[in-house]
Amino acid sequence: MATTYSVSARTRVATISGIAAIALLGVAIVLPAFASRSLIQDLFFILTMLTLAQLWNLLAGYSGLVSVGQQAFVGFGAYMLFGATILWGVNPVAALFLSGVFALLLAIPTAFFVFRLSGAYFAIGTWVVAEVVRLSVAQWQAVGGGTGTSLPRDARDKMWGVEWIEALFDVRASAARDILAYWLALALAAATIGGIYWFLRTRRGLALAALRDNVEAAKSVGVDAARMKWIVFLVAAFGAGIAGGLIFLQNGRISPDSAFAVTQWTAFVIFIVVIGGIGTLEGPIVGVLVFFFLQELLADYGAVYLIVLGLLGIVIMLFAPTGLWGFFARRTGIALFPTQRRLEIKR
Amino acid sequence: MAPSTSSSSTTRPRPTSRPRASWSRWPDRKRRPGHDAGPPSSSEEPGRSAILSLHDVSKSFGALKVADAISFDLPEGQALGIIGPNGAGKSTLFNLITGNLAPDAGRIEYLGRDVTRTPPMQRCLAGMGRSFQIPQPFNRLTVFENLLVAATHGQDRTESDVVDDVARILERTELIEVANRPAGGLTLLQRKRLELARAMATQPRLLLLDEIAGGLTDAECTALIETIRALHAGGVTIIWIEHVLHALTAVVERLLVLDFGRVIGLGDPAEIMDSREVKEIYLGIEV
Amino acid sequence: MIWIDTIVQGVLLGGLYALFAAGLSLVFGIMRLVNLAHGDLIVMGAYLILVIVSVLGLDPFVAALFAAPVMFVFGWVLQKAVLNRTLGEDILPPLLVTFGLSVVIQNSLLEGFSADSQRISMGALETASVDIGPVTVGLLPLLTFASAIVVIVGLNQIFYRTAIGRAFRATSDDPVTASLMGIRPDRVFATAMGLALVVVTIAALYLGTRSNFDPYVGPARLIYAFEAVIIGGLGSLWGTLAGGIIIGVAQTVGAAINPEWQILAGHVAFLIVLLIRPRGLFPRAVD
Amino acid sequence: QGTTVRIGYVSPQTGPLAGFAEADAFTIEMFNRVAAEQGLNVEVLVRDSQSNPNRAADVAQELIIDDEIHLMLVASTPETTNPVSTVCESEGIPTISTKAPWQPWFIGQQGNPGAPDSWRPFDYTFHYFWGLEDVIAVFTNMWDQLDTNKQVGGLFPNDADGNAWGDPNVGVAPGFAQAGYTTVDPGRYQNLTDDFSAQINAFRQANCEIVTGVVIPPDFTTFRNQAIQQGFEPKAITVAKAILFPQSVETLGEAGHNLSSEVWWSANHPFTSSLTGQGCGELAAAFTEATGRPWTQPIGFVHSLFEMAADVIKRADDPTDPDLMAETIAATDLQTIVGRVAWNGEGVPPFAAQNVCKTPLVGGQWRRQDDGAFDLVVVDNKTAPDIPTQGVMEPLA
Amino acid sequence: MALLETTGLTARYGDFQALFGVDVRLEEGETVAIIGANGAGKTTLMRSITGVLRGAPDEICHKGVSIGHLMPDTIMKRGIVMVPEGRRLFPSLTVEENLLIGGQHKGGRDLGDRIDGFISRFTGGPNPMELAAGHDGSGVWSLDAIYTLFPVLKERRHNPGTALSGGQQQMVAIGRALMSNPEILLCDEISLGLAPVVIRDIYAALPKIKEAGTSVIVVEQDIGQALKVADRVYCMMEGRITLEGRPDQISRDDIHAAYFGAPA
């Protein structure tokens, strides 16, 4: 009797969804040729929120780090982009990378502090750190202090690729900048989802899932919980920094209040993750779509939109804590991004 | 989609637990007979060095003293049973040994090194494997993945390296049928088996088992005894907390009795079981 | 002289923050509920008082008396119908639900009252002042501070002298065992939230009279309140007062050096305290 | 002219700055009526910034991309004008902006306000109002009428106005110093703060007899109450922004009497509207009649903004072409209800000459009537002698 | 009609079934002992009776009323009180407060019940207003009576409950349960982890409790103790009753078989 064992992580749904994802990515890349400018802007918004949601999901959904202070990294990344372009004359597109790096650097002392805390204290601690960063940045007069500042025209004009896009699609500079920002957001979102997916399929990713389920047990089978926490926190800060830089690069204007807005960069992101389904890669994708369509639907009702969003978040948390995707997946068993390793036995 | 990992398909008969290949963080990692484990203490069996020694280890929860100056040496390769009434501090003792709890006082040596402040994860890498009394599966992972985590992290190994080992452990613990089911859906019995299987997957050198025999049928119990005996025969040192005494006495060479966090008996199982104190305190039957 | 004045003003400001924090401390202490909507509840209370003042033409203090029972019932129902379902090991559900509540309250107030800033007028009391030794202090801040003391003394009396206080503490320790004593935890929690909202009403009165408020000012008040609670230590009401005073003094001292540092100094003081004592100044012995 | 010209208008209709937008509805109603009479094919799309700069930028973006406006009008404090102007400049939408001193508007929109070499003019956005040099002159002229120790305490928040006014080099302090006044500036504070004891202490410490600054209305109430509570009584309080409106002063009761402020428009200004032919007094009366409220300064400026819109649309060959519109705006020379508007560089430094036009500024003081109502009385007109004074500066209390 | 009776009682923790149709009966004035090995389901049985684990209404019957679905506090107000396994004193309460809280809600309905009763008129569901009624909580047990029963507690009454020794804590736990003058007292392993002398002291209190008219169920692993105090004994194994009888009627071997599933 020769029994052979092997691991497989492939499913048919995943193969199909993989092909679909690549096709979708292809369509998304060429989309600016057909789409209206407002659609491009909407997609930019969706993609950046999706990136932030995936990163927060990595933090809270997989690592139990319920941070209410991600706006610290979004805002700091954004401000470093403005600082780098205005004060040091860096090309804004190149400065995006600096956004990530500086957010990462900020995350190191932050982690030293907040990792001393746990649970609710951790959440509040991250928030206070974000406030401290906001208030400190508001003192930085070279980028406008509490008023904020705008991306200077010179910097904007020399953004890589804008002229090329202008020529390619025959659009005005402002529309070309939107297209560039959209492509960058697309790349960022794809890299974030792809990166997280890849990570979850590595040995470390499995350990992360184990930690999510049971910290004590994971430690007892040799999982380095502390290191995982560090990795995840720093990665999330890096990604949030780039996303922040990109959002405000597209925006063209920054102020401490908008860059460090807890509602926009954390509360909404949390809603997206929870509505979609925490602890899954699909959840934030579903969540961001729901979030966006709600916004479109209720755009004319002002604050009512936020009231509905808040109520929806509450209702989902109370009655379907695994979110819309969790609800769907439990019934169908479908996973678009399977990370489950199956033991195949051939006799 | 990334290609899936797959393993080589050989089925060499190999003991589930083999001598440790590497122990990267620790310099004196080789298993040396007669290896000096600190001061040569009251080791009853000369020739076998202590893999684990506790020196006056104490722990309290508030006013409740659950470990009271516990000291003992455990020679490498021995199987030690621990018994004691509910709440005596048996599970707490495990948590102290594995680092899930920090002692208030005292010192714990493992393989001759002071590990009192070493985090549990490093103790695991150094070869301590454990099961939890209340099963602690990774609920959203499959049974197979539960073992995979343990096998790849308890030992620095890649997934494809460990597949065969993991599968063999699953067969041994009769979990192979449910290998691809989420652990959260297992019955209590299966969870208990999973506890044992996962501990085995870390390829421990010292295996700590907390009440894994409760609720088994006679046949299952016999199978369990066989599994543990085989591990023991493969050179693994074992500490086993158990209320099912006949299972315990079938395996262990020495018995430790805990009561109120104190060691009230340590020695040959038969003698210990026969002692008046134990009968009174543990069985509650007046002799 | 200027420093004495700065510190006195800071202490009085701390009284306001302690008032903001007292209700939060109550629910955090009793049911480990992190209420991110607390700041918005205070703002909601302020609007309620404003409406009563302008519709019925009452004195703000009398209006608060009317508002308090309304807020109590609101808190009771909120806890019973919504928040009780979120309590448990996982901190995410309460965090998220109260976050949602915060967004809902803020935007409902925005819909109802627009973004205009409002103020509850107290007439001559607003500018009245008394001389205390070398410093002149406003009567209103003094009244705020006195109210903070009264609230904390009152809550302590309820906590340690009454049957419902006993029930609060017992339920907080162990809801299951409390239910075996004839206490229904969800009712106790609902009562606690109701009580917290009575305290919130008092805080709202002073929030609305000291400076301006609009639907968005809640989160900033929440963060000061949380800082006060955490600095004080979980469940210690006097600790909360101390925490409020620390934040208040840090703010005025920071502002005296440079107004830019006013709020920053409060946050930094919080971070420093937490760095030195992660469990706050007066933590409970058992958690 | 077949196509409708769409005009976007952004202002803070709610929030702490809501007072600035008080006359919006009244003015737009008037504009629509007059436009219909004159056969102008226009549509005005109004958006509320809620006094929040980020929202201002968002609604501007919406107006441009979704509503495809041709002309943007924006008014009331740099918190509103700057984000909107920036968006419009970037999108290439012609914009006329007002009701913000020109330095915070122009310099505040530059990437680095601290580096004059890096400042650049704008192609599409045009602003008319007064500047810090005017407010310095007006304030010091008013204080010169009193007998003080010339110690001035400054309340400058960390916002666009506050940072511009409070700047030690290009803010108000050097100008005050030239007129012999010493400025005590404790530093920037956050808007909507709970506590002003630090500033009060600092002013008292420096024995300030005058308080000035650029404060949002709610914060001024907090400051004034705390100052009285803590026994700080200066001889003059002359602040911009906070006490422009009778309502803000009325909430202070007695404490509002003789507070002084800059006056950019009043019912007594000697100008007439190019749109309706009304004089200032007539316009103020019409407003009071329509709304039942006393006249306020913004009435004139919001009115003038729509005068501008009508004027450029009439003059432009194709109002839907952004570049032509920008040229048309640049070439404006119009007598409006707030005075002459022409971007001819008069009284403006060269770097801003292309985009900034100045209108006259005088000083006024609030006088409490027996019935508790307040009147704004012009007490100084040295900077614009054609605007008559109605009294002389009096000390507080 | 028995005072308390379970019929076909089942209980589960998630997917794990812990009780499989347990039938137990307690007559007025009786003391019943339930013995069994670790994990046999004794505590689960107690938790089911007191409502901590809830099930079908008819599975548990108290004086002819189905109570299987009621909340623990309602059941407690009917006069069924438990001394939980592991004592479970409230650490934030002093000894005296721990005792007082036991008598705080003795019987009858309180404001909360009235409100819930009012709400249940609209929502349907059990009306605690009616179900909590019936037991008035009067009787011999008071703070003084407890201090007389366990004099050592009086000396330590202002200490936090958890600062006492295990035996003293057990006394507080018993006293706390007695404060409401229960009709039925459930004691879950009150000798657990205690020294034999202490156990003797605690068991000495049982007759006094019975004298006051309380019927008692004791859960014990200490078989000797259990057999001494009980009128009737049930033995449990793996969620089932495996033996029932009077202490003098059952032999060691019966017990051993019922305990471990196989003859010794």
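Each chain carries a letter (A, B, C, D and E) given by its place in the written order, and its residues are counted from 1.
As a working rule, contacts are C-beta pairs under 8 Å (C-beta built on N, C-alpha and C of every residue); 3 or more make two chains touch, one makes a residue touch a chain.
Note that the structure is predicted; figures quoted are calculated from it, not measured.
Q: Which chains contact both chain A and chain B?
A: Where chain A and chain B might share a partner, there is none at all.
Q: How many hops, at fewest, get you from chain D to chain E via touching chains?
A: Steps on the shortest route: 2.
Q: Which two chains have the most contacts between them?
A: Per-pair contact counts point to A-B as the maximum.
Q: In whole angstrom, what separates the CA-based centres of chain A and chain E?
A: Each chain's C-alpha centroid was found; their separation is 53 Å.
Q: Counting only Cα atoms for the centres, state how far chain C is from chain E in Å.
A: The computed centroid separation for chain C versus chain E comes out at 41 Å.
Q: Taking the mean of the C-alpha atoms as each chain's centre, how many Å separate chain B from chain D?
A: Using C-alpha averages as centres, the distance is 77 Å.
Q: Distance-wise, how many Å sit between the C-alpha centres of chain B and chain C, to the nearest whole number?
A: Centre separation, chain B to chain C: 50 Å.
Q: Could you pull out the residues of chain A that touch at least 2 other chains?
A: Chain A, residues with two or more chain partners: 135, 139.
Q: Give me the residue numbers in chain D that touch at least two other chains, ranges are fine.
A: Residues 52, 158, 188, 190 of chain D touch two or more partner chains.
Q: Which chain C residues sit where two or more other chains touch them?
A: Within chain C, residues 260, 263, 285-286 contact more than one other chain.
Q: By the document's touch rule, what are all the touching chain pairs in this structure?
A: By the stated definition, chains touch in these pairs: A-B, A-C, A-D, B-E, C-D, C-E.
Q: Chain B touches which residues of chain A in the complex?
A: 2-10, 14-15, 18, 198, 201, 203, 206-207, 209-210, 212-214, 216-226, 279, 340-343, 345-346
Q: Under the touch definition given earlier, write down the residues of chain A that touch chain D in their complex.
A: Going through chain A, the ones touching chain D are 37-38, 41, 82, 85-87, 135, 138-139, 141-156, 172-174, 251-253, 255, 257-258, 261.
Q: Can you check the complex and tell me which residues of chain E touch chain C?
A: So the residues of chain E in touch with chain C come to 50-52, 71-73, 76-77, 81-82, 84, 88, 90-93, 97, 100-102, 104-106, 112, 116, 160, 162, 176, 180.
Q: For the complex, which residues does chain C have touching chain E?
A: 163, 166-167, 169-170, 172-174, 176-184, 187, 284-286
Q: Mind pulling up the chain C residues that touch chain A in the complex?
A: 28, 32, 34, 36, 82, 85-86, 91-93, 95-97, 99-104, 106-108, 110-111, 219, 223, 226-227, 230, 260, 263-264, 267-268, 270-271, 274-275, 278
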